[in-house]
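Okay, so subunit A shows up in both of these, paired with subunit B first and subunit C after.
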Partner chain A sequence: MLDDVAIRVRQNVGIVTAVLLFAVLYVLYNLSHPKGFSSAVLVQNSDEIFALAMLAMAQTVPVLASGLDLSVGAVMTMVGCFASYLLTGTAAGAPLHLDIFGLHIGLGTFPGGVSGILLGIVVCLAIGALAGFINGCVVVYGRIQPIIATLATGAVYIGIALFLRPTPGGKIDEDLNWALTNSLGDFAATVHIFDDGAAGWFAPLAWIPVPFVLLILIALVVWVPFRRSVLGRAVYAVGSAEGAAYMSGLPIDRAKIAAFTLAGFFAGCGGLFLAIQTSSGNADIPQAGAYTLNSIASVVIGGTSLLGGTGSAIGSIFGAMILRVISFFFRIFDIAPLLQPLFEGVILLAAVSIGALGVLRVKNTLELFR
Partner chain B sequence: MNSASLSLSRDDRPILIAALFILVILVAGTVYTFARFGSAPLLSPTYLLQQLQIGAFLGIVAAGMMIVILIAQIDLSVPWTLAAAAMMATSIGGPLAIPVGLGIGLLVGLVNGIGVAYLRVPSMIFTLGVNAVMRGLMVAHTGGYAPQTAATDLMRTLAADRTLGIPNALFVWAAVSVLVAVMLQRTALGRYIYAIGNKEAAAYLAGVDTRRVTVICFMICGVAAALAGVLLAGYSTKAYQGMGDAYLLPSIAAVVIGGTNILGGRGRYLGTLIGVVLIVLLNSVLSIMEMPEAGRQVIYGLVIIFMLLVYGRGERVTS
Partner chain C sequence: MSDAVLTQGAFLELSGISKRYAGVRALEGVDFACARGKIHAVLGENGAGKSTLIKIIAGVVQPDSGHMRLAGRDVSFATPSAANAAGVVCIFQELSLMPDLSVADNISIAAPPRRFGLIDARAQRRRAEELLAEIGCEDVNPLMRVRDLPLSRRQIVEIAKALGKKPQLLILDEATSALTSADVEKVYAMLARLKSDGVAILYISHRMHEVEALADRASVFRNGRHIETFDKGRRSTAEIVQLMIGRDIAAQYPPKPARSSAKPMLALDKLSWEGRLDRISLRVDAGEIVGLGGLDGQGQKTLLLALFGVLRGVSGRVTVEEREVRPGSPAAAKSAGIALVPEDRKTEGLMLPMSIADNLVVASLDAISTGPLVDRAKESEAVKRAVARLQIKIGAAGDAVSTLSGGNQQKVVLAKWLMTEPRIILLNDPTRGIDVGTKQELYRLMRELADQGAAILFYSTDYDELIGCCDRVAIMYDGRIVRELQGDELTETNIIASALNIDASAPAGAGAVHA
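Then we have the complex of A and B:
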């Protein structure tokens, strides 16, 4: 039994380290925060973490299949811009039109009200998944290296986002914003369930932040079943040895397309939340780039190998949370804003370098060149 | 497939197609301007030289990036290496400005190389971290504002002035190009670079100190980015925040469009040169068309995909 645990820990040393590091950092953060261990702090933190955690999950899936997705930030931005048109929540619905080459084309009215919002969410997530599906097709059928293919499609998606929102703007339903970025109690009160959140049995749960619940839900409902499916296993197999996976008759092409589609879906979730959180759509190119790069950093810190084949999206969530908690510390310890980028960089470098110290133990130099 | 493309080697085909595509861009752009304004600025040498002068900075960055891509790595620290070199060069000033700027590039390259070659951290993540550190250092140094210091006269001469009607920046780009091309084709280091890109373990067993070569490659890339930074500061008379951000992805795109394999080991310098010219011309045609940023991004992405679909397709993994 103990042997079994030891083996499992050794196999997952990356993710275990990430979880422990996050736990230590987060407890320290709450201890030094004047309002530490309170629902308010937790809600604020999970709001700030959610989008990056989604992008980290998005990045993980292609990385597991040893492909990098440089378009996750662009997909996030594009979906956010779509959301700022589709989730206005006005009762009469939102009239949509397309202005292109001087033409004004009416596209009908997008339904309003609650059903309109639900439909809008579904459409936004579908757009994200579609963007990922296109990435997958370009990689698989175009046989273009993922890193360069997604670089190119990312430019296209950013272009579409800029076309939709040349300047930041749009509007998101205020109730939706309030319900999703606060605690479960506020959520229940907004959507009028459980006696507006006042039900006795509900009280012990009311402090939990909604984004936190959403994160766990998405991980459990989407990621875990995918990982256990044939396609999910094929993704891992492609990442560790594509030739061997082919010889074993695994559906390589479908696995790769699924990996990128899932990445698009997760990135869409992140973009949708970011739009809801900021109540607007913003085609911010530097922000998209920063999210893409931070998603790669989260994946590595979360114990997934960039070579593919080992790791997990759960680890990447912890990687993203570690990155964010580090920036929370800047607020607590009142580090000059000018020094913050430097600290972020040094910590990232230190983390990956310490993780790489294993090379000192390698006895056969040839083992380095994999 | 016709006989002409059969007789071309695998490395030459992309270069030829990219060159043809440049012609297509020129013709399409000229037809557009002729129909709309009744003039053909794209065919005037003055205009082309001016565009190439701006392209020289991208060309120098791409030359360094190509070396790193050839050994199957990537350098994401280019944006802030470029900016840091420019900022330090302008703030030091005097005759030491350019050596200090280039020294920054060498130093960043050395750190990148040690991290990638000796610590074996994937270059994707290590250079990303170094980029963040350089950004942090520069933000702390400048206070987050545009530095007030100005470029030295020599920097301005090199980047903005002309000799015999030809921009000096083009001479610098040409010199860098000759150096890189000769190094790749005619020196042992060049052979090592291709060997490492194909299979590092094999190169190591053949007696190449692959880790030292990797460090050298990153130093070359760093110094190229620094040179571009120094020149760009000279061109715009000062350094500014985020001046390198616009060079990372286009430089990678130029290298890949030029037929260099992103997985390393294959590609000719001439291709990178053509790739840079293609991107520069595409940009200038789009600005003549007054294409909004949205359309530019979409066309930019589609062109990369189209070019790679024509000649950059990988082989199926079947064993």
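Then we have the complex of A and C:
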């Protein structure tokens, strides 16, 4: 049994390292923060982490199947722009129309109220998944390498986002914004459950940030079952040895499409949250690019091999959190913001180098290439 | 044997199967049948059509014409999984394992046990343990990643994976080529059990003694045609070999010249590494072929890697022509005049998608370059010379090296190193999975190189080969050289006895006899 534990730890050394590194950094951060270890700091941090954590999960799935997805930031941005139309929450609903080629086409009214918001969330997530599904189909049926296929589709998605929101704007329901970006106590007070959050049993949980709960929920309800499904297994198999996976009769094409679809879904979650958090839609191209690159960095820091086959979305979440905590330090130590990219780059290099330290212990240099 | 007897009680029947690849005939009007409860060997040189035959049966490729019947019903398999569903399971020479997944994952990859729609990790592990136990290899932990297992263990996992599919027809394509001797015995026992359960078994191997030991019946293929099928004992080994190559073989091994004055080329003094090599002292003279024998996995491959600069932290002295060398990388070993034909030609020997020409010159680019640029004229000259010298059968030098047959690929690996004009040639099981004809060419070439003054260190799992080719054989056991055999001592009995380290009365080549 001890043997088994040792094997598991050895196989997940990347994730374990990321978790430990995050724990150390975050404790240090709270120690140096004047209001450290408080619910307020935790809530603020969770809000800032959530979108990148979702994008990191999104990036993980195609990477496991040894394909990069350069469109995750674009999908996030596009879904955010859709959300800024669909989640207005006005009681009368939101009238939708399409202005194209000088035409003004009415598209009816999107329902308002709570049911309208719930429907809007479902539609936004479906749009994200659809974008991912299209990526998967282009890769599988177009037989185009993922990196170039998603570069192209990503540009299309950004184009759609720009079409929807040429300038930042739109509006998101204020209650929705308040409920999802604060603590569980605020959530309960907003949606009027648990005696508006005043129930005695609820008090010990009230400090927990909502985005943190959402993150855990999405990981448990979406990622864990996927990893243990036949399709999830096939994704790992494709990334590990595609030829062998084919010869073993695995559904390779379906696995790849599933990987990109899931990536689109996670990116959609990120975009939805970002729109809710900022209460608007914004087709911000540099931001989309930065999120895409940071998602790749998160995946690597989280112990997933870019070659595919090994790693986990859970590790990537920790990778994203490490990246974010690093930027938190800038605020505390009041370092000139212009230096931030430089520091981030250096720290990213250092973090990845720690992961590569094992190379020095290898006595048979042939193993470096396996 | 008449066709009536051949197809009597046949489980699988092929009739008139033909297949061409880009106009090249791979199979031509092949009729073939095999029965339940029999081990049926399929013999032939590389390129004889065996692989194509198997691929057709296993659903990897589709025949251009002909019919296939399984248990009396017409079948055609569009994919390997369709074949699996019909009970046809193949263990391919190229392993079909996913290195980053665990042993248990790999064994149940196609149809894992499930609970609530999700993979049941515990049941999957139990299943892996049961299947491994069936082969007698309980020591493989199902949690291990396949990547972390040695090649011989991976092959066991591959066999367990096939067993898990409950085969009616099991095809083994060189499936024992990487196994240790102990594991081979276990696999034989397992095959015997399957046979008595009525499974039809097709067995492809280049090792004649395996075929003799196992097969109830054998079919010989040559040039894409089925030549003859006969029952066990009807044909002698010599006759079978002749059927396979379609010509007489003069002498299988080139004669060994009498050796007189010896000039030491390579000398090892107390070489040790990580507990896997234990104070190895060995001398290889110019013009000498020294074999490394013993059971698989006793440090022979490690020794070759150590000499080639692949291993870090090797202690002891290596001298080449009495000058100490300490290669820290394969590049350094190359400049010291050492060449290695590695274990796995597909990953370590060749860049498969690159052209034959590129592969041939890749180790000797210095010699054909002017400044930083490769001289195209010199390059094509060098390629031509190499192809002619080793008689490599190629279409065009610009074709991808992956298009060649296994034997010709191995010739490319060897030719690549010969271009560097090495003084010391290390060979790591160079004839694994290679047909008889090419093997003989390689033996001749080895002797020729030795005669020209090279020192050759030759590891082989085939004892026959060691006896036939080598001037001297060092037997390794547990990282040590336990005995050196030469001249009349060089017999199969002696090799096996020393390999098992059971001959306590024999003088040990280095160090004390293992207690």
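Convention: the second predicted complex is superposed on the first by the 353 of 370 C-alpha atoms of A that agree within 3 Å, B and C clash if a C-alpha of one lies under 4 Å from a C-alpha of the other, contacts with A are read in each partner's own complex, and residues count from 1 in each chain.
Keep in mind that, in the parts below, a contact is a pair of C-beta atoms (placed from the backbone, for glycine too) under 8 Å apart; a residue touches a chain by one contact, two chains touch by 3 or more.
Computed from a predicted structure; not experimentally measured.
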{"item": "Residue contacts with subunit A in the superposition, subunit B compared against subunit C", "value": "B"}
{"item": "Partner chain(s) touched by A:3 [first = subunit B, second = subunit C, both, neither]", "value": "second"}
{"item": "Contacts of A:229 with subunit B and subunit C, given as first, second, both or neither", "value": "second"}
{"item": "Partner chain(s) touched by A:237 [first = subunit B, second = subunit C, both, neither]", "value": "second"}
{"item": "Touching partner for A:13 - first (subunit B), second (subunit C), both, neither", "value": "neither"}
{"item": "Subunit B versus subunit C as contact partner of A:247, first or second or both or neither", "value": "both"}
{"item": "Partner chain(s) touched by A:160 [first = subunit B, second = subunit C, both, neither]", "value": "first"}
{"item": "Subunit B versus subunit C as contact partner of A:366, first or second or both or neither", "value": "both"}
{"item": "Residues of subunit A contacting subunit B in one complex and subunit C in the other", "value": "243, 246-247, 365-366, 369"}
{"item": "Residues of subunit C that touch subunit A when the two form their complex", "value": "60, 79-81, 84, 92, 94-101, 105, 109-110, 112, 114, 117-119, 121, 141, 143-145, 147, 161, 273-274, 305, 310-313, 329, 347-348"}
{"item": "Residues of subunit A that touch subunit B when the two form their complex", "value": "68, 138, 142-145, 147-149, 151-163, 166, 242-243, 246-247, 252, 283, 286, 289, 293, 296-297, 300, 306-307, 337-346, 348-349, 352-353, 355-357, 359, 365-366, 368-369"}
{"item": "List of subunit A residues in touch with subunit C within their complex", "value": "3-4, 7-8, 11, 225, 228-230, 233, 236-237, 239-241, 243-250, 305, 308-310, 362-366, 369-370"}
{"item": "Contact set on subunit B toward subunit A in their complex", "value": "74, 76, 115, 118-122, 124-126, 128-137, 139-140, 143-144, 199-201, 204-205, 210, 242, 245, 249, 252-253, 256, 262-263, 292-302, 304-305, 308-309, 312-319"}
